[in-house]
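Below: a set of structures, written as structure tokens.
One chain, subunit A, links the two complexes that follow: it is found with subunit B in the first and with subunit C in the second.
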Partner chain A sequence: MTEVDLVIVGAGPAGMSAAVTAAEIGLSVLLLDEQPAAGGQIYRNVAKADETRGDILGKDYTYGLELVTAMRSASITHVTDATVWKIGEDGTVAYSVNGKASLVQGRKVILATGALERPVPIPGWTLPGVMTAGAAQILLKQSGLVAERAVICGSGPLIYLIAQQMIRAGKPPLAIIETQTKSDLLNAMRHLPHALRGWRYLMKGAKLLSEIKRAGVMRVTGAENLEIEGDTEVRAIAFTHRGQTTRIQCNLVLLHQGVVPNTQATRSLRLEHAWSSAQRCFHPITNEWGLSSLETVYVAGDGAGIGGAKAAEQAGAISALHVAFALGFITKADRDKRAAPILRLQSAELALRPFLDRAYPPSDQVLKPADDTVICRCEEVTAGDIRAYARLGCTGPNQAKAFGRSGMGPCQGRYCGLTVTELLSQETGTTPDAVGSYHIRPPLKPITLGELATLEQTLTDETKGLI
Partner chain B sequence: MNNASPFHNISPSDDLVTVTFDGIEYILPDGANLAASLLEAGLRYFRNTPVSGAPRGPFCMMGACYDCLVEIDGETRQACMTEVTSGLKIERAHRDKGLEND
Partner chain C sequence: MEADYAIIGGSIVGLSIAWGLLKRGRRVLVLDGDDGSFRASRGNFGLVWVQGKGLKQPAYARWTQKSAAAWADFSAELGESTGYNLALQQAGGYDFYFDEESLEQRVAEFETLKKELGGDYPFEVLRHNELKREEPNIGPRVAGAILHHQDGHLNPLRLLKSLADDVRRMGGTVKCGVPVKRISKRDLFEIEAEDGTIYAAPKFVLSAGLGAMDLGPQLGFSAPIRPQRGQVLITEKLPKMMNRPSGIIRQVDEGSVQIGDSKEEVGLDDRVTLETASAIAARAVAVYPDLAKAKLVRSWGALRIMSPDGFPIYQESSTTPGAFLVTCHSGITLAAAHARYLPAWLDGSDQAPNLEVFSEQRFAIS
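Up next is the complex of A and B:
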């Protein structure tokens, strides 16, 4: 088995910056990532995107090239197309590349697995042609595709960014239907003085909104009762606003209700997690260095709590410094000296977050879906089903699996877990922390038996190599 | 490429290969993301669900939702995590469950 000082899972901003920081100090680093190129979702395909694409996506995207370049010059083993399917408490990590499985032993592990879009269970959200706003961005970054005749719906600043990019690409969205209300904005105002430290982002937001206005894109806030229509694909979206129903015919619907930490890997390790009432999601509990409840495992970036790309980059470096200290590569004094300026920048970076969390909360419709709305996309379990299980005495998400298979399909609860927790919490009158979440067990992604069988061969070959 | 496509490509590739989806030929960019290329070609309906047979297509584009599953050489794969290569024979996953067996 290959042995390294540090295994990092995920090559987004947190993973890349952790890798560079650790490698520069002299640690041996193995970086595993699912995609064919480094960047994560935020800087996806940044090294290959041409100038047209870079111009549309903007400087905050092309900045990612600096990280990718820094990574290339450091001595890092970056394994692309690697699906990590098991992480052990002892730092062993099992992964597959092109159907061939391998095991690596890390003295420490940094999980930098980022975020997922929050589930958006509304009527019609399973229809072909309904995608996450993040998916639309990935299509643009990876493949140069811009959605045509699309409607963007939901809550969160990402909506303005993708709308602006579509406008720049000459394909403005038909409409932007937002679910947050004026009173959300008023509630957020008390966080504004603190948020002013993040003035650069506030300026960016204002600029995005003015570009959207100038392009003449229809924009509604406080929309309710969203409903996507179609039989085998999207035909239209309907919503109510101040009691009036509007229906817009469209080709695509792009949904967004903010992003949440991807906790599949951290849950599989049974790390301690807590519920964030501000962000309405679970996150692993970490200290200021990203160290989890397990001394071999760190969590850096959005996977530990949503903070955005720059904060993730800083978190990756901070975790790597702690790893370097814990493994005896640098002294405590050196660690603290290097970390101090990064921590200062990170605190400024996170200043805007409480404002954003209040101004763009997930809508009631997605937190309390109607009974006939599908909440588990894989097994087609409805909100009404979950409520019925609760009435029959189901108290937690793992029992819900036994009642009706929610969370047992191929996505393994990624797009229903939070909804099931919310629903059971509402029905049983207990806190989300008390309700808990699905147990996640390896394999973290479906693998074939054939893949598993290659592991023995890989290990045998390696052993032979050692003799 | 296809008039019905809900997507416009701002930097189309001219290095193209042929694949089939449910027996119909499609010309797609070599080495491109399979889910994206099929979407660009006007396809949105990638599979049927094993439970009710409902139609599904790409949702997250990042390997998390498994809604873009297709069958390639008898193996179910995530189209958004697969690259286009010449001669791919792609079929709708759980096609037999489809509501309208065309």
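Up next is the complex of A and C:
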């Protein structure tokens, strides 16, 4: 088995910056990532995107080139197209590339697995022609494809960015239907003084909104009762606003209700997690260095709590410094000296977050889906089914999973996990922390039995007697 | 609430007993643990299995056969009242062998047991070619199999759900998310939950799986049980590729192939390990080579509840009569017996099965 000082999972901003920081100090670093090129979702394909695409996607995207370039010059083993499917508490990481499984032993592991878009279970969300706004943006980054005759729906600043990019690409969205309300904005205002430290982002937001306005894109806030219509594919989206129903014919619906930490890997390690009532999601508990409840494992970036790309980049460097210290490469004083300026920047970077969390909360319709709305797409389990299991005595998601198969499909609960926790919390009158989440076990991504079986020869002989 | 019986443990063993007691007109209160409790009922393999059980204790083989024979009726009755199809199939099951020698050895043991059971042990030996006719997808390394006609399998999660449903439907009270802290006996059994609530009943059944390790001694049981980990792999849903289940591999009614039957003594640790997962995967691929291409979508570890000899324990407390310990590692196979025959024993009725050989006394002798 290969042994390295540090295994990093994920080559987004947190993973890249952790890798560069650690490699520069002299640690041996193995960086595992699912994509064919570094960048993560935020800087996806940034090294290959041409100038036009760079112009459409903007400076915040092309900034990723700096990170990718820095990574190339450092001595990092970057394994692309690598699916990590099991992480051990001792730092053993199992991954597959092109159907071949390998094992690597890291003295420490940094998980930089980022965020997922919050699932948006509303009527019609499983129809062909519905995708997440983030997915539409990835199509643009990866392949230069722009959604046509699309309506963007939901809540969150990413919506404005995508709308702007679509406008610049010459295919503006037909409408932007937002679910956050004026009172959400009022609630957020008390965080505004603090948020002013993040004034650059506020300016950027204002600029996006004025660009959207100039382009004449219809925009509604406080929309309720969203319903995507169509038999075999999307034909329209309907919603109510101040009691009036509006229907917009369209071919595509792009849904977005913010992003949440991807906790599949951290849950599989049984790290301690907590519920964030501000962000309505679970996150692993980490200290200021990103160290989890397990001393081998760090979590850096959005995977530890949503903070955005820059904060993730800073978190990656900070975790790498702590790893370097823990493994004896640098002294405590050196670690603290290097970390201090990064920590200051990070605090400014995160200043805006409480404002954004209040101003763009997930909608009630998504947190309390109607009984007939499918919430587990893999096994076609509805919100009403989950409520019925609660009446049958399910106090947590694992019992609900046993009763109705929600979370048992190929997505392994990524789509329905948070919804099931929210629903059971509502039904049983207990907190999401008390309700808990699905048990996540390997494989984190499906692998073939053949791949798993071939590892048998490389492992110890203790279970050979089975055959 | 007034109850004749308080049952601690609301998974398959506890609910089967509750179901049977309700059918006898008893009022039951079931107290169940929380979402994180170790639950063999959620992690098991779904076999209704006779072969290989009780080789050194024919009474256990007979009890198992009695339950297997009661299963069809039990499943039909549950299905009728709840509308769930348990997907019970009792068309026989295999034990695969990779070499002739261990196959022959096993056959000799089966012959001995068969005599002790008066011939009621319908099994046959299938050599590779005969097996291939039954299971065309079998791999070249499989030397043969023992086909036992009393074996079968079902959907264990649907069994759990239908029991949870039907016990409530019949008026049983089921309290979930109430781990029990203490049990004492005054006039009634008093059961204190972790939240401080006290539940009381004149009779009491401890069917809390591994929870009995702590709770049993409070009522004078020795409860000599231990956890034994089994790891399970499950594939994506596949077209039908096997006709009968085996102890290590089966295709469930929904299409997924389930692989299991590892045994590890690791205490209260239900994690999965690469060593075992890859070993059972390799064994499954050796039996059905096509599985190499199948996608593994989930795996889990679950803890069996093992007694020193592997047989169930049915024991009334000698220090506090009216308290019963019921524990076994074959909760699915024995569910029919627990629902149909055990309640009479709990009630002290004349129709009660003789379960003396399954008392805790057997561990005191040696």
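The criterion applied here is as follows: the second predicted complex is superposed on the first by the 454 of 467 C-alpha atoms of A that agree within 3 Å, B and C clash if a C-alpha of one lies under 4 Å from a C-alpha of the other, contacts with A are read in each partner's own complex, and residues count from 1 in each chain.
We adopt the following convention: contacts are C-beta pairs under 8 Å (C-beta built on N, C-alpha and C of every residue); 3 or more make two chains touch, one makes a residue touch a chain.
Please read these numbers as outputs of a predicted model, since none were measured by experiment.
Aligning the two structures on subunit A places subunit B and subunit C next to each other without any clash.
In the superposition on chain A, contact is made by A:Glu148 with subunit B only, not with subunit C.
Taking the Cα centre of subunit A as vertex, the centres of subunit B and subunit C in the superposed model span 80°, given to the nearest 10. By the document's definition of touching, neither partner reaches A:Ser347: not subunit B, not subunit C.
In the superposition on chain A, A:Thr431 contacts neither subunit B nor subunit C. When the shared chain is aligned, subunit B comes close enough to touch A:Thr132, but subunit C does not.
By the touch criterion stated above, A:Pro410 is placed in contact with subunit B and with subunit C alike.
Of the two partner chains, subunit C is the only one touched by A:Gly88; subunit B is not. Applying the stated contact rule after C-alpha superposition, one finds that A:Thr395 touches subunit C and leaves subunit B untouched. Of the two partner chains, subunit B is the only one touched by A:Arg377; subunit C is not. In the superposition on chain A, A:Ser210 makes contact with neither subunit B nor subunit C. Once both structures are overlaid on their shared chain A, subunit B and subunit C have a minimum Cα-Cα separation of 7 Å.
Applying the stated touch rule to the two superposed structures, the overlap between the subunit B and subunit C interfaces on subunit A comprises residues 409-410, 448. Residues of subunit C that touch subunit A in their complex: 10, 32, 34-36, 39, 41-42, 98, 157, 160-161, 164-165, 168, 174-177, 233, 235-236, 259, 262, 271-272, 274-286, 291-301. Taken in their complex, subunit A has these residues touching subunit B: 34, 36, 41, 50, 52-53, 56, 116-117, 126-132, 134-135, 138-140, 142-150, 169-171, 232-233, 251-252, 262, 377-380, 409-411, 414-415, 445, 448. Contacts from subunit B toward subunit A in the complex involve residues 5-12, 32-33, 36-37, 39-40, 44-46, 49, 51-52, 54-67, 69, 75, 81, 83, 99-100. Against subunit C, the residues of subunit A that register as touching in their complex are 86, 88, 92, 94, 103, 270, 392-399, 402-405, 408-410, 412, 428, 435-436, 439, 441-443, 446-450, 452-456, 459-460, 462-464, 466-467.
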